[in-house]
Every structure is written in C-alpha cells, then in structure tokens.
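What follows is a pair of complexes built around chain A, which joins chain B in one and chain C in the other.
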Partner chain A sequence: MASSTPQAWRFPDLTTAIVVVILAVMPFLVPTTLASQVAIFATATLSVTLLLGSVGLLSFGQGLYLGFGAYLTGLLLRDAGLGLLPTLVLATTAGTVLAGLLGILMVRRQGVYFVMLTLAFAQMGYFAMLSLKDITGGENGLTDLPRTMSLAGLPIGSPLSFYLLTAGAFLLAFLAVQRLNASPFGSVLTAIRENEGRSEAMGYDVKRYKIAAVAIAGGIAGLAGGLHAAFLGFVPPNDIELEISQRILVMAIIGGVGSPAGALVGSVFYTLVSEALSELWARWMALIALLLIAIVLYLPGGLWSIGRRLAERFGGRSADA
Partner chain B sequence: MSMQLLLFQVLNGLGIGMIYFLLSVGLTLIFGLMRFVNFAHGAFYLVAAYIAFALTRWTGSIWLSLVIAPLAVAALAMVVERVLLRHTYRMPHEAQILITFAIALLMQEIVILIFGPLGQNVPVPSALSGIVFLGPYVYPAYRLFVVGVAVLVAIALWLVVEKTKLGSVLRAGSESAEMVGLLGINVDRVFMATFALGGALAGLAGVLFAPIRGVEPFMSVEALGIAFVVIVVGGLGTLSGALVGGLLIGLVQSIMSTLWPEGAQLMIYAAMALVILARPAGLLGRF
Partner chain C sequence: MTIERRTILKSLAAAPAALAMPAYLRQASAQGGTLDIAAVYSLSGTFANVGTLLNSGSKWAIEKYDTVLGKKLNYVLIDDRGDAGEAVRRVQEVMTQRGIRHILGCTNSAIALAVQKEVYARGGIYVQMAGADESTGKDCNKSNFRWPVASYSAVNATVRPLIEKFPDAKKWYTITGQYVFGDSLLTNVKDVLKEKGLQHVGNSYHSLSDREYSGYIATALAAQPDVLAICNFGNQTLDVVRQAISYGMKRNTKILAVWSTGLDQFQALGPENCDGIYFGCNFWHGVDSPGGRVVAEVVKAKTGDVPNYLHACGYAVAQVLLEGIKKAGTDDVPAVIKALEGMTYEGPTGTETVRPEDHQVIKDYYLMLGKAKSAMKDKNDFADVVAATKAFLPPEKTGCKMS
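Let's look at the complex of A and B:
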C-alpha cells in the first residue's frame, strides 16, 4: 500500500546503518544456514517492496522472475559449468530482461488489471516449467547442482561463506534500491505512486518509468532465485509456483513497504517465526494470516514502521525511511 | 482426433464450463457491484466442500449439505464482510486484495487444522451414481445433474438481476454505488447481501464439486485461479461474461486435454493475459 504521506528518501541514512548492523549480528544469533535463508528471502522480498512501496504496483507474480533466475542458475552451474559470479550476474540480467519485456505489456493496465496480469504471467511461467520437463525436470525440480563453487577465487561451500555471499548480495540490492529511491528517478516513482494522472500531466512518461521499475524488481528477484538455487544445491519447482510469489508478498507486507529495510524485517520475522513455530504447531500460517489482516487494517506501514514511530516519539526527530 | 471424439470433448467441455460458471459467478457479481476483488472466493468454495464432506460422512448422502453448506458459507461471508472487509472499502484496491488473501489463508489453515492436510473422497449420491446415454455418448448422471443445477442457477440469477428490485439496485450499483446510496438505498445492506449471495454461490459450487473431484485443503487455490480466468475472459462484473467465459474455458480445457495436457493450463492463463491486454472489458464487455 502506498503510504499517504510522501516522504523524502535519503541515502545513506540511519536505515542503512540499521540494516548493516542486523546483517552483521544475524550469524551470531541464529544458525548460519537460517541466516542465509533470511538474506535470500529478504532479497526476493525487496523486489516486492520496491514495486509496491516506491511505485505502488502490487505484484502477485514476483516468483516468476525468482524461479526464472533459479532455473537459469541451475542450468548454468550444472550443464554449462559456469562460475558462480557470472551465473548470478546472468540470473539478475535474465530477471531484468524478462520482467522488462513483460513489463512493457503489463504497464498498459492499472489497478486490479495489473495485479491480474502479474498473476496470469506467473501461472504461465509455472505451467511452462511443467511443460518443459526435459529441461526443467518438471515436478522433480532441477537436481545435482555442483556443491563446491567459487566466487572470484574464494571457495563458496561452507555455511559462513554462503552467508557472506547472500548477505552481501542483499546489501548490494538494498543499497541500490535506497540509492534509486533517493535519486530524481525515485522522486518520479514516488510521484507516480501518489498521483499517476498528475505525473502524466506533468509530462513524465509514466509507462516508461513503471517498466524500468518492474525490470529492476525482476532483476532483484532473479538474483534471489539464483542465490536460492546455489544455496539449496537444487531447484525445487516450488521456486516458480504461485506460493512463493505469495510468500514474499506476505513478507513484504509484514515488514512494511515504506522502506526497503522492511524487506529485511519481513524476511527475518517470517523466517524465524516459521522456524520457531513449525516444530511446535504445524498450522503457524494461521497466525501469519491473522497478523497480515491486522497489519492491513491497523498498521499499513508494517513492522518497520513501529520502529520509526518509536524513533519519532523518543528521538525527537524523524529517522528517515 | 476423430469427429466422434471431438464432439464428445465439446459436450464434456460445455459440462465443465457450466460448473466453472457456477464457481465464478459469485466473484464477478461482487466485483461488478463493488469493484472489490475477493481473493477469499476460493476459500468460501473450500469451506463449503468440507462442510459437504463432513455432513456426507455423518448423514450418508450429500443432499442435506446442498442446502446447509451454501447457507453456512453465506453467513460466513456476511460476518467476514461486516467485521473485516467493510473497513477496507475506502482503502486502495491493494488493501482489499491483501486482506481477502489473508482471510483465504486463514480459512485454509483452519480447514487443515480440523480435517488434516490429506485429500478425501465424497461419495456420489447413490441415486445419481449411474450413467446416462446422450445419443451415442455416455455421461455420468451426477455430472449431468450438476450441469442442470448450474443452468437453473444461471436462469435464476438472470431473472434476479434483470427483473427484480434487488437486480436493478445491483445493476445501478455497478455503474455508481455512490449514486445508488444518494438515492436513498442502504448501500451497506446491499453490499452485505451481495457478499452473502457471492458466498452462497461459491458454496454451492463447492458442494456440487466435492463428489466429482474430492476435497483437499488446497483446492481453493486452483478454483480461485480458474474463477479469475473465467471472469476476466468473459468480462469482469457481468453475469453473461461469467457464463461465456466459463463455457469457453471449459471447452478449451476439454479439447486441449486430449491434444496437449500440460499446455491446457498454460493456454487458459495465456488467454487471460491476452484478454486483459487486448480487450480489458472481456470478450463480451462494453468498454
């Protein structure tokens, strides 16, 4: 949801510092592989946060680009014998290109119709994956990815090295989104979110800005997919299913889309809650659903906005998003 | 594919299409009146299917649930509308989509909590367990019954929308709910009644479907997907759109399933995207 008060984006700011601190302390507080999972899903969620928070576009289909990046990564690592770094760059590029191309079509529609298009394309991606089972492995997923990889000469295999990779990737994407929001380009996106018609009347090519935002978000999702494939050592078909699009949307809403930091907060919360509760009570999703309802009704800024409100109350001045 | 087989697939597709109509029409009525996208529609269908499952196990046949489940789901829809959805009418579309999505998730989890995650069968009522000969074709009697109910529902809805006071309010409301309110009609009550009707229709579809496909907690997701495709292809918010969309998607699925099974699903979502892009008001819609 678009927040009703336009805010000035700044870069770098207190939020940047908070995110760096969270990333730095996380491996000391939770198991390293769990921390990697948090970082991967935070990256995926960032693509939803960027679209919904900065431009006001709700996507039910970011899993399409995540899945595309994951399958491409799997194929490149396994069959093309490509290194991890060029593979991740290609996965990001592929996500950007696919989202950019579909974006050209999708931005022709607004509101509900835009949401429906994201849904339709995501479903097409899933069924295309099932149809091409010779390449994708169909319902079995893509298996037998190499377990040892290196990134610019450094071996990537231990849990800690994976965390450094995934956290680094998230930080990079996060800084890029923050920088983008603070740029003149970001100001136009904010203007489109607040009032699309007025932005158009002011002479901005609204469609082109939206396509760019959709493409960038697709690239971030593609990167997250690539990381997920490398992290798991295989590509589960779930990576391109509607369910993953919904999961990262839920993370984005819970964390809050008013700031890119909300993506990290949402992923931390969701991943840790699911880890802690799934042993105790298999139906923990019911609690997530209740929380989601409460957030939509009473806390549109998500969990991140609680911190900001507290900071405003006690800090005296506003900590910028 | 022989002519004989093609004709059978067409017949079969029309049957599936009528069921799809039943599944989708409640969603389109709510959207038509309120511009409200109800992501919980599939969950209403799910809850009714499970009520049918439970009642059938208890009473031995599905007949009782045919009445009780749609009423129960209509009541559920009314409560959900009054307690939660009402607060989102003034929020952006995104909030409505998200809250109904969350409600759907909650209902799915509750269903799993009560009935477990595994699929279950619902027996076809014994009176309709046979087959019927339609010329040279064999058709399951129960399916024919379901198609018959769907046709009756279509006729009844058409009469309600075109001939009754409620229908005129619905039609006027889909043009401008605000104006209807200014004319002294209690729009809040109309909204609640529409949600109840939408829920009852989803519930009826859930009960009738249960013996055909069994019940499982994730059936709502599949149903919601199909319902979206149907109402988008036919035209969001119109009764005739749901009918034509349902029949068309039923036909495409039935014919494609013999030619290229994996492609059938791909095709219907491609059709959905194509219609939104080329004719956003749907194949029948005015724009």
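Let's look at the complex of A and C:
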C-alpha cells in the first residue's frame, strides 16, 4: 500500500509546506470546532499511518491508546488539577508506555494474528472502561472536566484557541513522524515493511524496531485522545470503542499511508464528507464504505497519492509521497 | 483566462466550506425577529430509529407554536450521529458561532448528561428526555430540565401497583441490562422488594450487545418466580419478552417490562405477545387530557395515526421550553429558567409540573396490561392502563445540589 522511496522521506519538504497551508486555511473554510476535530483525528490517524505506512503493521486497536489518553487526561485535569501541558505530555507518555508493553506481546505474531491481537486488546480496553465505571463514568462518559485551561500562560477556552492547540499538536506530531521516517530508524522500518525476513537476516532486531514503532504510534494516539478530552471538556465512551479504531483506520486508508500527510487528508475528507452525507442519509456509513472500496480498488495510495501522481505527470518529479 | 482561473479558484475554495458547513450554519440568514431553537438528535448511527421519531415530535411542536412572544421560531437540527462527543462539539458550535441558547432533545442518557453540562457551562437552557437518574440527580444543574421520569419513578409506578394487585406474588426474578440504566432499575426494584418484604430470588445480567436470552430465561424458570421483572430498554426488552413467552413463562409467572416505549413496542410485539404482559411507559395515547389531545391532533395531521411515546416525548420537551419562554415573557435564559421552576401546564400526560428543586417534570407514569387481539377496539388498542402514578423521589433524596 505504501510506496515510499528514500526521496519520499526528505524532511522538511513540499509536503510539510502543504500541510502547514492546509492547517492555516482550515478555520477560514469550515467551522472552527469542526477544524479542531479534523486536527485531532488527523493526529490519531497519524498513528495508523505511521504503523501501516512505515512498518507495514495493520492495527485495529489504536482507539485503545486514544481512549487511554483521553481518560487519563480527563482524570488528571479534573481530579489531579494538573495543567494542560503536563497532562498532554503524560497522556502521550502513557499511550507510548501502554502500546510499548502491549507491543511486546503483539509483535510475537505476524500478519492476521498481529491484527487480531490489536483487536482483542482494543476490546479489552472498552470493557475495562465499562467495568471501571466508578473511575471512567462507564457508558455516561467522564464529565466535569475544567472549562478554563491555559497553556504556557495563554488561555485555552475559545474555539479558535483550541484549534491553534490541536493544529499545533498535529503539526508537531506530523513533523516528528516525518523526521522519524527520514532517519536511519525510519529506513530500517521501511526495510522491515518491504522484507521482514531479509531485515532480520541483515542483523536488525526486527521485534525491537516493531515495538518501538508500536509505542511511538501509541503515544501519538494518546496525544490525540488527550486533545479530544480537553477539547470537549468530556470524555465520551466512544473514544475507547472499537468503532474509533475502525474510523481512524478508514481515515488513514482514504488519505493514504504512503505519507504522514495522508493522515490529514484522510481526516479532512472523512470528517467533511461524513458531515455532509449524514444530512442526506441516515445510513451514510454505507456510502463511506463504498468510498473505501473504491479507494482500495482504484487508488490504493489514497487521496494523497493523487497529488503525487499529478506532480509526477505535470512536474516531472515526485512531490513526495 | 485570468477571470476563469479566479472563478475556478473561488469555487474550489468555497466547495469544502459548503460541503463542511452543516445545515444549521447554512440556514443562518436574516435572524431578526426569529428565535433559534436547537435540537440534538441522532438521525444517523445506531440510534437513528429513535432519534428520528423524537425529532419529528419536537419539530412538529415548533411548527405548532410557530411563534413565541412575536418571534418566529426557527428549528435548528443537530444530528449527533449517536455520538456523545459529536453532540457536545455541535452544541459548542451552535452556541459559540450562532449564539443559540435554547437547546432541547437527546437520544440517550450519555448524550444528555454530556450536553447538559456543556449547555450549563455556556449559559444556555436545555430540556431533554434522558432516562438516567443522574440527570436530575447528582448531575443536575440550573440549565437542565427533564420531561420523562427517571428509573426510580418507573419502578415505583409499576412494581408497587403490581404488588398491590398480586399480594401473593412473593418471589421476583429480574433480568437486567448490564449498563447504568439497567442497574439503576434493578437497584430500585430491589429496594421496593426489600421494603415490602418480598423475595428477590435472582438476577441475570445481559450485555448491551446480547440478542439471545434463552440461557437467562432458563435460569429464571428454574428459580420458579411469581414475577419476572425486565430491567432494560429498547429492542432488548422486546427480545426478552418474546423469548420468555416462547419458553412458556407467561403461564405461571407475571411478566413486567419496567420500562417500555409503549405503542411502537406493542406494535413490534404484536397483540399475541402483549397479551397478559405488564409494561411501564411514560405516555399512552389512550389517556384523555387537554394536552394529550393537542399532541394527538398534531400527530394525526402529520401521520394520520395516533402519537407514540417518542413523538409525544419530542413534542413535550419543546412544549416545556416554549411554555417557559411564554411565561417568562422573554427568551432571556435566566428569566426562562426562573419561569419554568414550579410551572404547571397541560402536557401530553395531563397536568404536569416542573419541580423547582431538581427541574424534573412531575407527571404520570403508567402501568399497562397488554390485551388479547379479540379485546382490541382498534388497531392501536394494545393495552389498558392499570395504574397512573406520580412516583418521584423527594427532592432531598435525589442527590441534586442545584448549581
């Protein structure tokens, strides 16, 4: 699915510029709260894009780390009185640690078994949330998060301030993934994706690299969860349901996993299209499914690859994948 | 050529905005002399079947009133897609970007609990139909009003009359949905049984995803109860009733579905499955009252049929809000809240009152008995009202500390 080349992982590049432009214009084109939601889900999708695009690991369980980050953020903000910045750092760290620990078990299996393990852990997370209802609020969600927050002395409360926060967080995560992909570590991940056996034969500790990738992706999802909780002032139980894992996976595939920018494209497209379709038909998810089928069959590189194809056709060079 | 390119660029820039901008923002036009009322319902997603009917009820109420205090009412629909997070985000959006302060509706308790806090934080008013006790209990707030009864009322308005009717029914078994609402019903059933000195011979929990209950029914049968009380909601209630009947449980055991939505569920069950079963419900079209007649007229005009609970409930939350605005003489939120506290009006179930201490509407909850097909006077005459009771926790016991 991914089609990266060493050239594709240059950092920063035209892709970086395009992402910055999209983030800059988005609040002028769509309602600010919707733009924030796009940025949050783009961050979550980035975790799938990293795993699937860079190392070839298909995860049906990124919602677990997103939910974990969201609930931890909710509890830290509400009960521990922690500031927003340390809370988000802790949510990211907690997502990394949880994913790393589970990753130790998951990378013992490959292919469909790995996928099933991610699915099983995600389900366990959901039922743990329900079982710990005194802490998590159960199916009512975690409520009463503080409404007024600040970050480095700047008040975070208005829709625009939240957008700046979520867009900034996405940009940081995006740059980190771009940097990671451009690094020797990223090259090893690519090698593992292309031929795991050969990478192992070359002396790379494939499992460790995979665990590291899973942990980093978990941290990014945890950050997205933390942002979602702070943005809503509430942790909806949906944040840890299996559906959220599916949703961000669909966003990743629609956007394309060949580039971290696909996460933003997928989130923008899915969020805006679902917004429009849900007004037309109650079963709008069926249309999303059709779209997904079309993309998988006819545009396996996702929407982002359209830009690359156009650039290659008219510009004579790749504008990055 | 330049002009063409500009046109194309303009169109391209406008396209995502047009696509993304929800209907409620696109509706924003001349707002002078209008009052926007936002309604939060799930028109897509898992709960779309419920949200659609509730939305119809609210929309028809707004159409019926048409104006209030000389202002044209503008119904602004928010589709939360069954996602509490989405509901909160969209409420944020209409409150911050359109300045809407009057909100109503919900499709489930999780959505209502989240939205009621959001509306309160942003200085609005919210009338909803959550079933969770917390809504007007420990999570109550000044902005929030609830029309239907909570689980305490549902249990006390059904279990107590049934005990009085069958004093020899000593052994009770419960089948409970393992979620907050089911647990809440179960706790209240246990409290009543304990108070009355009756025996709770067992309980079976089922999950939210269960559709097959034969194992639970078999366990219940083995306990040989006099009454089977079903403590869940929605389609799961129907499935448990159907399967209990198919196991022959009706022969020796009274079956009580503590919480039902009435007519629409009776239609789904059919008279053969309703006959002899007891149901609790918030609204029944056969109860004659001035307010009920108004709802019936409105629904008749729209559907040609009688109203069901979801229609009536959607209508009722809008009615409560609009009557409050009328009484206040202004749409200013603090004044409307003050006017609503203690307000009495003719609602769908008769004379209803908004309790000032917790903002719960005090109204009847019905214990109904399903009747045989041969006894039905018309196609909607599935059941008779056995008892109509206003059974509410005293305000000091709800846990509500009004903020």
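The criterion applied here is as follows: the second predicted complex is superposed on the first by the 313 of 321 C-alpha atoms of A that agree within 3 Å, B and C clash if a C-alpha of one lies under 4 Å from a C-alpha of the other, contacts with A are read in each partner's own complex, and residues count from 1 in each chain.
In this section, a residue touches a chain if its C-beta (ideal position, glycine included) is under 8 Å from a C-beta of that chain, and two chains touch if they have at least 3 such contacts.
These numbers were taken from a predicted model, which means no experiment stands behind them.
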Applying the document's definition of touch, where does A:V30 land relative to chain B and chain C: first, second, both, or neither? second
Classify the contacts of A:R283 with the two partner chains as first (chain B alone), second (chain C alone), both, or neither. both
State whether A:E196 touches chain B only (first), chain C only (second), both chains, or neither. neither
Please work out whether A:D13 is in contact with chain B alone, chain C alone, both, or neither, and reply first, second, both or neither. neither
For A:P237, using the defined touch cut-off, is the partner it touches chain B, chain C, both, or neither? Pick first, second, both or neither. second
Would you tell me the residues on chain A in contact with chain B in one complex that are also in contact with chain C in the other? 130, 133, 283, 285
Within their complex, chain A touches chain C through residues 29-34, 37, 130, 133, 138-141, 143-144, 147, 158-159, 228, 231-234, 236-239, 268, 271-276, 278-279, 281-285
As the complex stands, chain C meets chain A at residues 13, 16-17, 19-23, 25, 43-45, 48, 52, 79, 81, 83-85, 88-90, 92-93, 96-97, 109-110, 113-114, 117-118, 121, 132, 134, 139, 179-180, 208
For a test of understanding, state which residues of chain A touch chain B in their complex under the given definition. 1-2, 52, 56, 58, 60, 105, 108-109, 111-113, 115-117, 119-121, 123-124, 127-128, 130-131, 133, 242, 246, 249, 253, 283, 285-286, 288-290, 292-293, 296-297, 300
Which of the residues in chain B end up touching chain A in this complex? 35, 37, 84, 87-88, 91-95, 97-99, 101-103, 105-106, 109-110, 112-113, 221, 225, 228-229, 232, 236, 262-263, 265-266, 269-270, 272-273, 276-277, 280
